[in-house]
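Encoded as structure tokens, here's the structure I'll be asking about.
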Amino acid sequence: MTESAILLIFCPDRRGLVAAVTNFLYQNNGNVLHLDQHVDAQEDVFFMRVEWDLDGFGVPSSEIAARFQPIAARFNMTYSVRFSRHVPRMAVFVSKMGHCLYDILSRVQSGEWHVELPAILSNHPDMRSVSEKFGIPYHEFTVTKETKPEVEREQLALLQSLNIDFIVLARYMQIMSADFVSHYPNRIINIHHSFLPAFIGAKPYHAAYQRGVKIVGATSHYVTADLDAGPIIEQDIIRVNHRDSPDDLVRKGRDVEKLVLARAIWAHINHRILVYNNKTVVFA
Amino acid sequence: MTESAILLIFCPDRRGLVAAVTNFLYQNNGNVLHLDQHVDAQEDVFFMRVEWDLDGFGVPSSEIAARFQPIAARFNMTYSVRFSRHVPRMAVFVSKMGHCLYDILSRVQSGEWHVELPAILSNHPDMRSVSEKFGIPYHEFTVTKETKPEVEREQLALLQSLNIDFIVLARYMQIMSADFVSHYPNRIINIHHSFLPAFIGAKPYHAAYQRGVKIVGATSHYVTADLDAGPIIEQDIIRVNHRDSPDDLVRKGRDVEKLVLARAIWAHINHRILVYNNKTVVFA
Amino acid sequence: MTESAILLIFCPDRRGLVAAVTNFLYQNNGNVLHLDQHVDAQEDVFFMRVEWDLDGFGVPSSEIAARFQPIAARFNMTYSVRFSRHVPRMAVFVSKMGHCLYDILSRVQSGEWHVELPAILSNHPDMRSVSEKFGIPYHEFTVTKETKPEVEREQLALLQSLNIDFIVLARYMQIMSADFVSHYPNRIINIHHSFLPAFIGAKPYHAAYQRGVKIVGATSHYVTADLDAGPIIEQDIIRVNHRDSPDDLVRKGRDVEKLVLARAIWAHINHRILVYNNKTVVFA
Amino acid sequence: MTESAILLIFCPDRRGLVAAVTNFLYQNNGNVLHLDQHVDAQEDVFFMRVEWDLDGFGVPSSEIAARFQPIAARFNMTYSVRFSRHVPRMAVFVSKMGHCLYDILSRVQSGEWHVELPAILSNHPDMRSVSEKFGIPYHEFTVTKETKPEVEREQLALLQSLNIDFIVLARYMQIMSADFVSHYPNRIINIHHSFLPAFIGAKPYHAAYQRGVKIVGATSHYVTADLDAGPIIEQDIIRVNHRDSPDDLVRKGRDVEKLVLARAIWAHINHRILVYNNKTVVFA
């Protein structure tokens, strides 16, 4: 399998941006595997993702960021360099419901994703047996209003000790503090069980049933301090009708949640997402 | 083509409802073409739509409602009888945008729908030439805050003089008064350009763009006094991504609006919709 | 939870069928929970599924079939009676790919399905560890052209000893003999990784890539002696584009396969499927 | 509105392609509006679409192709230059069914598409009144097996006299000769009423009904000498079920056909399609 590097960039739009980046790669003998760019014409912002083969590339991986720095400075770029050989480390938070957790564990264990999963954290004991079935350490934290700040400190310590790169909330039914979120900006992925911004908050399927909608959906998004208002990564829906009880909506919705969360995780671990202005650019 | 009758019923759920209705048909030599029933287990309400062949049926069409009355009374049914031979008369309200109007005119003129369209009403002159191209009389009403009550009276008089059965708001950008709506309960179909309840009100595509959603949608619903809150008949969506400008969302959304409105009109003119508790039962 | 009975019927269409069935239920004090019927107007065949509450029903469960027999005889009905309390016993056949198996195991173990899974059968060792992780006995059979008849006899003996009600082929890459299939008519569910009848046979994703399609799909169907030609239960699709390599089609398709197979299994264990003329009626 | 130029390129893949093209634009003061590239890793072919603002661009439009020629030669590129100011001229062929024609006429007349429609050609009189309603000249040709070659010559003469850029077959039920097709390579867009390659040939909805599929679809493709086997541009589907008669499939399918054809036309007139190896690259 090819070892590749990925450059993610955004900056004010102006002439010559693509030329500058692709010249840098060409002059160092880089072979572009994928290149995608986007200009937000409303905001005059330029976005780019370029992936190239490291085989024969003239700059050692450890020096790429530094060697690219002058170009970035000239164009006022925010940028990051990622490597396909790096295996991101993911932690999953879960409460009582297992459908997203099962789906994640299956994809991790079958090798579908290039990711490590060193820990599952929960505020309930329910998913311990599932986690142990898959051989993943399960960390249970009893959360009350009073203990929450302390619990979050313990959780952060655990995550840091495990070198966690990003967090997935797989139907974790606790709101995280702004402080907690600030440690993992655009690195906490949540699944909300409605097509946001419809049905923000608790019990969206029951609200959908009450409203008599003909579609229900799910939304994966990065967590920000503002509940259910973070940048949307992926959404999908399923048709429902008058025959569907609230329980049927829950049942049908589960399958959408699993897929929408899995697609977001896939995009994240493949370095396909840029966040700007509380919105995502997801390179296909 | 077969002439058929359709019975639409709802009532408190209890034993023997289907047997009572189907016995009535069987004893009068009725051949059931389609039967669909639904029990809302939350509300304990029974819904039924049954369509049968009038050929050989032992009760003259004009007497069916009366002869069914004792059964209805016994079970406390709300019911109505419709006939496939009756061609409903539709009026279309439009403002400046033509995409839904074109779609409706095409379906009417090509014979896709079993419906008459004797009038198009508008608060703007823009769609006059389209209407005239299709030979449909176009009635223009200048609406201001002051003249609105008077205009609505004139519109009602026109609609009544034309024996209009139901009204379609094909992107009509005016809010109708509660009084106007009360003349056509569950008989005014609106198309809203978002998947309600997301993005209620004006400029939903721009709001969707701001929020960074990955799907946009459209909703057809019966108009009630409460803006964008009437019973939903049909919804559908289309995927969008970061490349789509607000204009792209408008463009992609137009096609969804046309389809969602057309499906609602089709269900309405085929007597497939029952309304209860601000929700619809749409028999497939 | 309510205990219910389900009657599945098909017969030549004629007047009085619904009345006859619902009178039988009403006279025995049955409360209809769901009733759905369908007339195939091309073939003049009547289909019906009715589910009723056994609480207070005047006929003991063990006698329902016999007591219904005279009605069935009068109308020349093919019928079966099922009970919600009966938990069907499923066997899963698998080869080397695990995505459908993981999905099935997750749904079984989380209690999403009302089903028992006493055995997984395979022609390869690859999925043994997965099965054992979930505590399900794994039976491996080495299949060659020569041993196939003998292996099928052993498999049948195993299935019969375990009282298996139906079989799921979760990407089992072996063709079953007509004799084997004849032991489980309309009780073997296969998942084919294309939207049939497109791309029958082996390597459908690669064929789809070669043809340059813009959608790929999956089809679940009952297995008949004729490869990939059995009655279709469920299909779904996902959009693809020129960026997708054959491997991407495989990856995207896996998620569709899982869903389409799971929906078919759900419909089967809820007694929602009737087969007639190599087509299915799937009551929603 | 911005005047822009579009460069469409394909060539053998190698290092430096994007740099070469974007340097050409940058050195001539071009501001890139959209850039998309794709490498077919199976075939080692590079594809690119780049659109830039002509305002301030240092090369007159009439000289762009010539000035780009040395770069193209160096990399063995097949390329074309298009201009947003050019309004393509489209001819529509139709037989007896009007749904696609109505949809096209509505989009042309409402200004949704930047296109001219100087002629509608048909082998039947049925759509004359529709065409005339919209003020488009209608040319009727009686086609028999004997007259077909002569008719095609007349049609070609007409199309050439009208400077037609591309042709749309809007449910035109005649097969065109290889000779006719050769005059408009990758410039004749057909709509086929199935998700190809399923149900090639005549009566696909009836074949779909017989097979008992749960989805029906439509496919737009460029016409080649090989029936229904040309490069696919766009496909979409709609769910159906056992309740749908063949007529229902036709009715539901019509809406999919209209959309799928319209999306293909939109992509074509916006110069978003490259054809290679009987497949399309459709830049989003």
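Order of writing sets the labels: A, B, C and D. Residues in every chain begin at 1.
Convention: a residue touches a chain if its C-beta (ideal position, glycine included) is under 8 Å from a C-beta of that chain, and two chains touch if they have at least 3 such contacts.
Small disclaimer: the values here were computed from a predicted structure and weren't measured.
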item: Homomeric contact subunit C-subunit D: same or different residue positions, threshold half; value: same
item: Chain of greatest Cα-centre distance to subunit D; value: C
item: Chain centre separation (subunit A, subunit C; CA means) in Å; value: 36
item: Centre-of-Cα separation between subunit B and subunit A, whole angstrom; value: 41
item: Junction residues of subunit C, two or more chains touched; value: 241, 243, 284
item: Residue ranges of subunit C in contact with subunit B within the complex; value: 14-19, 22-23, 25-26, 29-37, 39, 239, 284
item: Contacting residues of subunit B [partner subunit A, same complex]; value: 38, 40-42, 47, 195-199, 211-215, 217, 231-237, 241-243, 245-246, 278-282, 284
item: Interface residues, subunit D side, partner subunit B - complex; value: 98-99, 102-103, 106, 109-110, 112, 130, 133-134, 241, 243, 251, 254-255, 259, 262, 284
